[in-house]
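Heads up, the next two complexes both have chain A, just with different partners, chain B and then chain C.
Entry: the complex of A and B
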C-alpha cells in the first residue's frame, strides 16, 4: 500500500467527523451567507472523499465526478447563492423558528438518530458505518433546515444539504453511480437552484418579502 | 340473414353522427339524420321481432379481430329488450324530428342529432352484449351520453348540481355492477362461461353477486332509496330525451337485473325475493306519493317512473319467491307480468313525456298551475295524453291493465302456497299494489283535469296551438300501441311466455294469462258498441262556462288548482311529506293590516333528510377536520414528510 492509499484511507475514515461538524455549524449559523459558505465547505469535504475513494479503488471516472462536484457544488452554486443574497436586499438573518442553540441540539439528536438507524447495516458495510450515518444525518438536517428556516433561500440551502446526503449515501454504498447519471444529477441540481433562485426573486417582487411562512393563502 | 340485418342496423346507427356532420355543412340534408335514424330503428325492430318470435340466437363476435373481447349476441331476453328500445325510440325520434328544429338551432341541434343515436346505440350494446367488456362499455357510455344530452339545455349552477348527483350515483351503481361481474372471476369473460360457473359457486358468493347486482342495477332503475338522481335528472332533459331516459334507459337496468338474477344465478333463496318485493313496495308507494304532491309535470312523471319501476320490481320479487318455493308456473306468470310492464311502461311513459314536450312547446311551461283547457286547443295531444293516463293507472283495455292484472293474479295465487310466510306476504303485496294503483289514478285525474280540462290559467295556455304533424304522429303511434297491447295482449304474451320458459326451466304460462287475451277483444268490442250507442242518442245540449257549476261571474283564478286537488291526500299521508311552511307578513307585527303576505311551502323528501343527510354531513365534517392538516404553510408540509421519514427510520430499526 502506497502513501497515497494510506492517506486516502485515513481521510475517508475521518471525513465523517468533518461532515458532522458542518452539519452542527449550519444548524447554529445565524446568517444566510454563513450557511452558504458552510455548504461550500461541506461539498469540499465530499469532493475530498470522492477523490480518496476513487484513488483507493483506482477508478478513473471518479476523478471526473470529483471535478464536477468541485466546480458545481463548491464554487458555482455557492457563488450564485451569494449573489442572490446580495441582490435580494432583504434582511440577511435566517429567521429560524427555533433558536440557535435549540437547532444545534436538534441537529445533534438527528445525528444520534442516524447512527441509531444505520446500525443494522453495520455488518454489511464494515468500517463505513460512520459515513452512512453521516449521509443519513445530512438528509435529516437538510429536511430540518427546510422546515425551520423561514427564508425562501434557506429552503434552497436545505435542499442542497439534503442532496449532499443522498449523494454521499450513493457514494458509500455503491462507490458512486455511473458517470452519466452523476452528471445528470448534478445538472438537475444546477437547474433546480437556478429555478428556485428565480422564484425567490419573484416571491420577493410579488410579496415584498421572502418569508415562506407568510405564504399560506395558496390552499384550496 | 338476421345477423347481416343486425350488423347493418349497428352500422346505420353509427353512421348517423357522421351524417349529422355532413348535414351541418349542407342545408338540404337537414332532415337526413332523423330519416336514417328512423330507418335503422325500423331495421332493429325487424331483427328483434324475428329473434323474439323465432327464437334463434345469433352472435356478432369481434374478439378475434380486436384486442379485447367484444361480442354481441341476441337471445330471446336480449331480443325482447332490443324490441323495446327500437320500437319505443322510433316514435320518439319521429317526434324529435319536428321538436328539435323548433327548439334548438345551430350547434346545439347538430349536437343533439349526433349524440342521440350514440345514446340509443349504447343502450343496444347493453342489452345485446355477451361479454363483460361489451356490457360495461355500453353501460358507462349510456350514462355519459345521457348526461351529455341533459347538458344541451344549458349548464346553470342548479342544473350542474343535478347532473353531478346523477353522475355520482351512476358511478356508485356502476361500481356495484362491476363488482358483481368481477365476483365471477376467473370465468367473467363472456356470459356463457358466467352462466356455467354460477351453478358451482358457493352460496355466500352467490348472495354477494345478487346483492351487488340488486344495488347496482337498482341505482340505475331508481328504486327507493337509490332514486335520488331520478327526479333531478329527468325533468331537466329535453322532453324527447326525458322520454328515452325514463321510458327506455331505466329498462336496461331491469334487463341487467333479470340477466343476473334469473339467467346467471337461476333464482335463489326466498329472502332474495322478499328483498326485491320490499324494494318494489317502497318504491311504488313513495314514488306515487311524491308524484301526487308535484305540480311540475315533468318531475311528476319522473316520480311516476319510480312508482312503475316499483311495480316491475314487485313482479320480479314475486317471481323469485315463487321460483324459490318450487312453483315455476306462477313464477313464470309473475316474471311475464314484470317484463310486460317494462314494455308497457316504456310505451306510456314515453308518450307522457312527449305529451309534456308538446305542452311545453305549445304553452311554454310544464307547470300545472299555469295550464288548463288544453284539450280544446290541442285535441290530438289531449287524446293521446288521455290514453297514456288511462294506461299508466291501469284501466282495462289499455296496456297498463294487462301487466298490472297479471301481477295481481300472481300475488293472489301466492295465497295457495304451502309455505306459510309466502302465503301471507304475497297477498299483502297485492294490497300494496292496489293502493299504488288507486293513488296513481288520483294523481292522473289531477294531471289531466288541471292541464287539459277547465279554463286556461295563463295567457300562454290560452293561446296554445296544436303541435305540428310529426309530433302528433309520434304520440299517435305510441297511443295506438297502448290500445293495441291493451286489447290484444296475446300479441306479446305468447312470445314472452316462451322467453320466461327459457329463463325458468319447466314453466309455461298458466291459464290465467292466456284466458285474458281471449276475453279482452270482446270486452273492447262491447265497450265500443256501448260508446257508439250513447253517442248516437240525441241529447239536448246546454252551454255554460267551464267548471262554474252553471253560475256566472267565476273566473279562472277560482278553479281547482293542482295543489288544491292533492291537498286531501297530502293531509292523509302528511307523515311522508314533512313540508316546511313559512308565512311572511310584511310589515312585521301588524297581522291585521299587512302590506303583503307571502306563503312558501318547501317539500324535502324525507329520505334525503333521514338517509342521505347524515351521511353527507359526516363526510363533510370529516373533510373539514382533515382540512386542518392543510395549513397552506409549506414548512408544515415539509414537516409532515420529515416526520414520516423519521418514523420510518425508527420503525425500520425495530423490525
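Entry: the complex of A and C
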C-alpha cells in the first residue's frame, strides 16, 4: 500500500468529522464573512474526498471534477461572495433569529437526525454511514441556515451548503455523476450565485437594507 | 523511579506556571507593537508580593484569610492529576476526572467567598459573575471529559491519556474533535482569558477575576495569582495530554524523557502562541453573550457524548 493510498484512506475516514465540524461552526458563526470562509473549507474537504475516492478507484474523470470543484467552490464563489459583502456595506453580522448556541444545538440535533435517517440505508447503499449522514446533515443545515438567517446573502450560503450536501450524497453512493452533468451543475451554481448577488444588491438599493425579514409587503 | 518522575511533573507544572503567563504577556505585547516586560517578570512579581504586608479589611472574617490558601491547595492537587511527560500522574489511582473538575470548582467557590467577605462592592459583583460563568462552564467541562472517558473505558485521567496514546494519530474520531473544541471553549471561560474575561485590566466594570482579587494584597494575592497561573498551565497541559499526547515517554529512559520534554515544549509553545493570537484578535464579549458562548460548548460536548454511542 503506497503513501497515496494510505493518505487517501485516512482522508476518507476522517473527512466526515471535518464536515460535521464545519457545519457546527457555520451554525455558531456570527459574521457573514466567517460563514463564507467556512463554506470554502467545507468545499476543500469535499475536494480532498473526491481526490481520495478517485485515486482509490482509479477514475480519471474524478480528478477533473475535483479540479473543477476546487476552482469554483473553494476559490471563485467564496471570492465573489467576499466581494459582495465588501461592496454591500451593510452590517456584517448574520442577524440570525436564533442565538448561536441555539443554532449549534439545532445543528447538533440535525446531525443526530441524519444519523438515524441513514441508518436503514447505509448497508444497502454500501457507502460509509458517517459520510451518508454527513451529506444528509449538510442538506438539513443548509435548509436551516436559509430559514433562520435574515441576511439575504446568508440564504446564498445556505443554498451552497445544501448543494454541497447533495454533491456529497452523489459522491458517496455512486462515486459522483458523469463529468458533463457535474460541469453543468457547477456552472449552474456559479450563475445562480452571481444572479443572487445581483439580486441582493437590488434589495439593498430598493429597501436600504439586506434583511429579508423586513420585506413584509412582498407577501401574496 | 515512576514516583520521582511524577513528583518532577507536578513541580514542573507549578514552577512553569508564572513563565507561561510571562510568555503570553510578552507575545501579546509584541503583537500589539509594544516591547513588553521580560518573560521572568511574573516571578519577580510573586517574590515582591510574598515580601509585602498582608492587609485585611476590618470587616473581613477568617474566610478572607483562608480563601487564598484553599484556592492554592486545590489547584496544587489538580496539578497532581495531569500527566505531563509520561502517561502517568502522581494521583493516578486516587481520583478520576470528576474529582478534577470539582477540585477546580472548590477553588473557585472559595475565591468567590473570599471576594464577598472582603466587603467591597466590586468583590460581590465579580463573585456573582464568576458564579454565573462557572455554573455554565461546569456542564460542558464535565461532559467533554466524560465523552473521552467513555471512549477510553476508564475514568482516570492518566488512563484516558494512555488510551489516546495508543490510538492512531490520523484516525480523527468525531468524539475527540468535538470534545476538544468544547474543552477549548470551556478552558477559556475556566481560566478567565480573553473573550470571556480580560486578565490584564483593573479598570473595566466588566472584569470578573480581577474584581474578585481587588481587596487582596501581599502573600494572599501572590497565592491567588500563582494559583491562577497554575490553573492556566494545568488546563493547557490537560488539553495537550487528552487530545495530543503523542510524543510522551513510554519508558523512563533518559532519552525518552528528553524527547518528551522537547515535544512538550513545542506543544506548549504552539498553544501559547495560539492563545496570544486569539487574545489579540478578538474583542471581549458582552456579559450577556457569555451564556451563549458557553451554550455552544455545551451543545458540542453533548454531541460528543452522543457520538460515543453512534461511532461504535
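Criterion: the second predicted complex is superposed on the first by the 217 of 220 C-alpha atoms of A that agree within 3 Å, B and C clash if a C-alpha of one lies under 4 Å from a C-alpha of the other, contacts with A are read in each partner's own complex, and residues count from 1 in each chain.
One rule holds for everything that comes next: contacts are C-beta pairs under 8 Å (C-beta built on N, C-alpha and C of every residue); 3 or more make two chains touch, one makes a residue touch a chain.
Computed from a predicted structure; not experimentally measured.
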What does the overlay on chain A give for chain B and chain C, a clash or a fit? fit
Identify the partner contact of A:112: answer first if only chain B is touched, second if only chain C is, both if each is, neither if none is. second
Partner chain in contact with A:99 - chain B first, chain C second, else both or neither: second
From chain A, separation angle of chain B and chain C (C-alpha centres, steps of 10 degrees): 140
Of the two partner chains, chain B (first) and chain C (second), which one does A:143 touch, if any: first, second, both, or neither? first
I'd like to know which partner A:28 touches here: chain B for first, chain C for second, both or neither. second
So, A:16: does it touch chain B (first), chain C (second), both, or neither? second
If we overlay the two complexes on their shared chain A, which of chain B and chain C does A:71 touch? Say first, second, both or neither. neither
Closest Cα approach, chain C to chain B, once both complexes are overlaid on chain A (Å): 16
Return the residues of chain A at which the contacts from chain B and from chain C coincide. none
Would you pull the chain C residues touching chain A in the complex into a rising list? 170-174, 177-178, 181, 291-296, 298-300, 302-303, 306, 310-311
Give every residue of chain A touching chain B within the complex, in rising order. 97, 113-114, 116-117, 119-120, 136, 139-140, 143-144, 146-148, 150, 155, 212-213, 215-220
The answer for chain A against chain C in the complex is residues 10, 13-14, 16-18, 20-21, 24, 28, 99-102, 104-105, 107-108, 111-112, 115, 130
Within their complex, chain B touches chain A through residues 630-635, 638-639, 641-642, 645-646, 649-650, 652-653
